[in-house]
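Input: a single structure, listed below in structure tokens.
Labels run A, B, C and D following the written order; every chain starts at residue 1.
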Amino acid sequence: MHQREEKIMKRRTFTRLATLALAAGLTTGPTLAQEVLKVGAVAPKTGPLAGGAAVSYWPNVKLWISDVNARGGLKVGGKTYKLEAVEYDDQTNPGETIKAVQRLVDQDKAQIVLPPYSTGLNLAAAPIYARYGLPMITSTATTDKAQALSAQFPNVFITLGGAKPVVQGVVETMVKLRDRGDIGKKIAMVNVADAFGIELMNEAKPAFKQAGFELVYETSYPLGTQDLSPVMKAAKAAAPDAFIAWSYPPDTFALTEQAMIENLQVGAFFTAVATAFPAYSGRFGKSVDGVLGIGGVNADGAAFKAYAKRHEEVTGAKPDYWASVMVYSSFQVLEKAIEAVGSFDNAAIIKHIKANSFDTVIGPIKFDANNNNPAFWTVGQWQGGVFKGVASTGRDGAVDVLKKGAWK
Amino acid sequence: MSALLSLRGVTKRFGGLVAVNAMDFDVAEHQVLGLIGPNGSGKSTTLNLISGAFPVSSGSISLRGQPITQLPAQDITRRGIARTFQLVRLLPSMTVLDNVKAGAVFGHRRRWGREAETIAEAMLEKTGLSGRGHMMVGQLTYIDTKRVELARVLAGEPRVVLLDEWLAGLNPTELQEGIRLIRSLRDDGRTIILVEHVMDAIRSLCDRCVVMAAGTKIAEGTPTEVLSDATVIRAYLGDDDA
Amino acid sequence: MSRLSARDWRNLVLVAMALGVTACLPWTAGAYMLSIGVTIAMYTVLATSWSLFSGPTHYISLATAAFFGVGTYVTGIGIQYLPYWTLLPIAGIIGAVMAALVGLATLRLSGVYFVIFTLGLAEFVRQIITWGQNISGTKGIYVLTSIGETHIYWQLLGLAALVWLLGWLIGRSRLGFALRIIGDDEAVARHSGIDTARAKILLFMVPGAVAAITGAILAPRYVYIEPSLAFSPMLSFQVVIMALLGGTGRLWGPLVGVIPFTFLWEAISVSFPNQTTLLLGVCFLVIVYLLPKGFVGLIDAAKKRMGAEGYA
Amino acid sequence: MDVIITGLLLGGTYALIAMGLNLQYGMARIMNLANGEMLVAGGFVAFWLWTGSQISPLLTAFIVAPIAFLMNWLIYMVFLRPLVKRARSRGQLEVDSILTTFGLSFVAVGLMLALFGGDYFSYSYLSTPLNILGDTYGANRVAAFLAAVVICGLLWLWLSRSRTGMTIRAISVAPDSARLVGIDVRRTAALAFALGGAVTATGGTLISTFLTLDASTGVIFTLKALVIVIMGGVGDVRGTIVAALLLGLLETFVARLIDPGLTLAAAYLLFVVILLFRPQGLFGRPTT
């Protein structure tokens, strides 16, 4: 397992050193005869959200552009354009995101501006996209206010859904396990005390009560807590049948390790963001089997396998099994809409996106009246070293959920 | 005449060291009191206790019968006790006039604007600095810096002036000028406490003297009385040739 | 208040005209320049109000992020219940009260403890707000208003004018005189009859209130308010660096620091997107080494060398 | 009972995080805001060597320490000595070092980003349960605690017994008078700063076995280290150890018995209270 990891590690560091040296000599060779189209992308490369963006966002920008160029370029109104990325680092600061988007449109005259990363930065930039009428197909923003947002910003589309469907997916999975007798009705539930964690926790508590589950332990912990063993010890003391954590990457890793140390015997173990990251299975190896997490994908589908292979070749890193594929698919929707309309008339493109369904790596995407993509993966499970989708709102290819065995 | 300023059992301890030990003395209105004694006898510390620079360990200090023992320095200054520093401390980024205005604006009589300006200029006249209001303090001679500090103290029209070795470091001619200046304050009827080593200044200026040694009062009286007192001489000159 | 001299009138008119010209930016410049204008206006207000306190007292406050964050939450929460124009004064009052409390607690401490206390303050307030959010079940707050970049720009410009006016008035008032004395020698100040702690606390309320109001003004721009973005310590450091780059000796000092720094930040972000953080770090180092007194120091030194008479 | 042990283990982690800064700020008078980045760098090296060629972090620590010592010595010589020469007062040196090291932390994050990329890196090492007094604890945390005890113990002994240790303590108490007795203050300060950097990097290597890090997480550790050093008393090794353990116990106590959401708020409250009533810290000398 570790040899391949090592090869990738070496290649990735080597590519980084090369780009660092290359950055000094900026000018690329003479542009091809084909016209070049600037594609703007602004997201965190530093700051608290840099970790997530580095896994799910930046590689997919690079992959999408290389895929389109490999296919000959973007065919718009009879002409084909070679795409070239203009990237900016907003250092996880909304003020910078706003300035960067303005810069892309005003100064760099980018025809296409890809959506930023994460709920906060997307919403900060939404007014700018709205003013220029640019289509904004967000792929990393979760919100339950899609209705209010689409009223204020008609050009904003939400592909990652909101808290309600994710909670429904988790509740459905737990009910399935309980009805099969794999787990009892006692749950322990924790959440990171950040907007994301709070939103999901508030949806989950009533939903689980309604589904007849008993909440034996619940708590929240601040972002950046260095030691989660007190939380895990208290959870274990409550002898739950299932453990659910609405967590961010650092605490997802910490809670999993703590559960292994405490040898928490539960029929279902769910952690949120980063469960689908390659680093997660890289760190815990075999004992990751049976762990549930947010997202998931039709891992056995040919589309995803081809995507994952290309992703690794072009960017040197494996994609994660949730956000990566959503980001890439949202770029595909934009690409197909522009080519279908045959011009850069944004109003027409937005109308086209609202009206049609688009075939992407995760399957068909069709936005509802509130510009919200109703069909997405909500829960996935590590089975045999692959994070497969087990529950979704209208996605096919879901595999059956398995009972969590002992930690290996 | 009732005492303007009185100290009762004033003590100051720095950890184990007792710098000032149960000092009692009074200062009457318009009186010039000399506080003298060999180095390390607690003279300056007593002055610092009166001016609020150091908190008093025990005992009480009162001004016109009202206790000011635990008051912070700024309140004591506002009540009318202003002081100079052993090492002259002026405000480097400001002109001479502004330095003096500082006393006028925030001292015992709080002035502002035109009034503060006139008082400051008057004090410059008084201390022999007339016409040099606009100069920066960095350009002054040593005695002029002392004049500015004195002018600042006077600009607040204090009830009691504390001079902490104000004459120290002056050459003979400057010394005469300094003594003449303090005498003019005396003639104006100001109440002054003078901590000094310059004996002929003490003789010519002070109505009464308090002599300190090792933190305690060893003698009190007119300058001639105390300077001829055996214990005082022994304290100053040490035991062998008494 | 001593009478206004002819020179004061001339300066007032000049400043008013300059403000008039900059106010027309929304019409004369494109949206991108406007967004830079908003950034410059924001940092000018924060850096000027910061140096009003730190100039004379030499205390380095890293509390800007804490006051700014509280300001954004005042708008975030208040926007649903109160009309918008009432939120700015409320934010100002809350900021001032917070600054007074911090002042009471810390101004007795020596310099470096004050710095670390203010740095920790932003984190402390963030934890409390996150915990409060968690208990009350409210998540990230949406500020959906019709307030656009232009409104925000004008409000910041108005606030900047207010801050300069306030700074000018303080400079001529007893408090200003007291602060200059404290800056030179605090012992002399105390013995001249100045209540130094009270003066510092009073003055610290100015950057407190102004930073909170700025936060309240900018909240609609961010649309979605969450603790980690509203309270980032980065803001405190940027304000300090820009104020020091400009120089805290003069009222217009920080402005002279903010403008070049913002354009420098832009230039670096544009030409080196992948190494932005690296190069910004290098700029910080250069500023601290080469310009200890900031541009103001540079300009004053140049003026001395040219022997130019007359007043600045 | 397990609350106490968990608290002590967390205290050990905090000691590793803060001890280096105490040396750098307490002894060499440099308020180093890039302390967190040095810690993360130590973690990066451990990750790289472990996932790359199976070298255990405990072994990596011995490789990281000398390299970090040299690097920090260079950083002091190149970036910080001009500040020390130029500073007229201690206050000015502190302000200059805050701004300079803030710039340095930016440069460090930029470099780490360029070399290692921005994504999370974490690996599991010794994440096996260890039974102590009837309760289970992470073996990696226990190992880190033992390492902390060893490092802090050695440091304390070395500082109080050896000659160079004494000179370092001398410059922390009174740099001016130290000069009078023939101590080359600048060279000793450089030594103290480099030693502090080495301890922080080694600490990073050890705690990366159970904490997930990425290029930008340094600032969290810097803040935590600052709080501990100030609470313990600047320049006092015992103070840092006691403050670290106290903080670990408090946070664990609040997490288990009150509300885990309040752990960090409680930590800052403790910091504020100590700062108000004992500004010089638990063991520090009242600085005039």
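Going forward, a residue touches a chain if its C-beta (ideal position, glycine included) is under 8 Å from a C-beta of that chain, and two chains touch if they have at least 3 such contacts.
Bear in mind that the values here come from a model prediction, so they are computed numbers and not experimental data.
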| item | value |
| --- | --- |
| Nearest-to-centre chain - CA centroid comparison | C |
| Centroid-based (C-alpha) most distant chain relative to chain C | B |
| Higher-contact pair (C-beta pairs counted), B-C versus A-D | A-D |
| Chain centre separation in whole Å, for chain D relative to chain B (CA means) | 51 |
| Inter-centroid spacing, chain C versus chain B (mean Cα positions, whole Å) | 43 |
| Centre-to-centre distance between chain B and chain A (centres being mean Cα positions), rounded to whole Å | 76 |
| Gap in Å, rounded to a whole number, between the CA centres of chain D and chain A | 35 |
| Where chain D touches two or more other chains, by residue | 109-110, 113-114, 259, 261, 264-265 |
| Residues of chain A engaged with two or more neighbouring chains | 20, 45-48, 193, 220, 222 |
| Interchain contacts (touch definition) - all pairs | A-C, A-D, B-C, C-D |
| Complex interface listing, chain D residues touching chain C | 31, 79, 82-83, 86, 91, 94-96, 98-100, 102-111, 113-114, 219, 223, 226-227, 230, 259, 261-262, 264-265, 268-269, 271-272, 275-276, 279, 287 |
| Of chain C, residues touching chain A in the complex | 30-36, 39, 42, 127, 130-131, 133-134, 137-140, 142, 144, 148, 218, 221-224, 226-229, 232, 234, 266, 269-277 |
| Parts of chain A lying in touch with chain C, wherever the complex brings them together | 19-20, 23, 26, 45-48, 86-89, 91-96, 98-100, 102-103, 105-107, 119-120, 123-124, 126-128, 131, 145, 148, 152, 193-196, 198-199, 202, 220, 222-223 |
| Footprint of chain C on chain B - complex, ascending | 51, 53, 72-74, 77-78, 82-83, 85, 89-94, 98, 101-103, 105-108, 110, 112-114, 152, 156 |
| Chain D-facing residues of chain A, complex | 2, 5-6, 9-10, 12-13, 16-17, 20, 44-48, 50-51, 53-55, 58, 193, 219-222, 224-227, 229-231, 233-234, 249-250, 253-254, 257-258, 260-263, 274, 277, 279, 282-285, 317 |
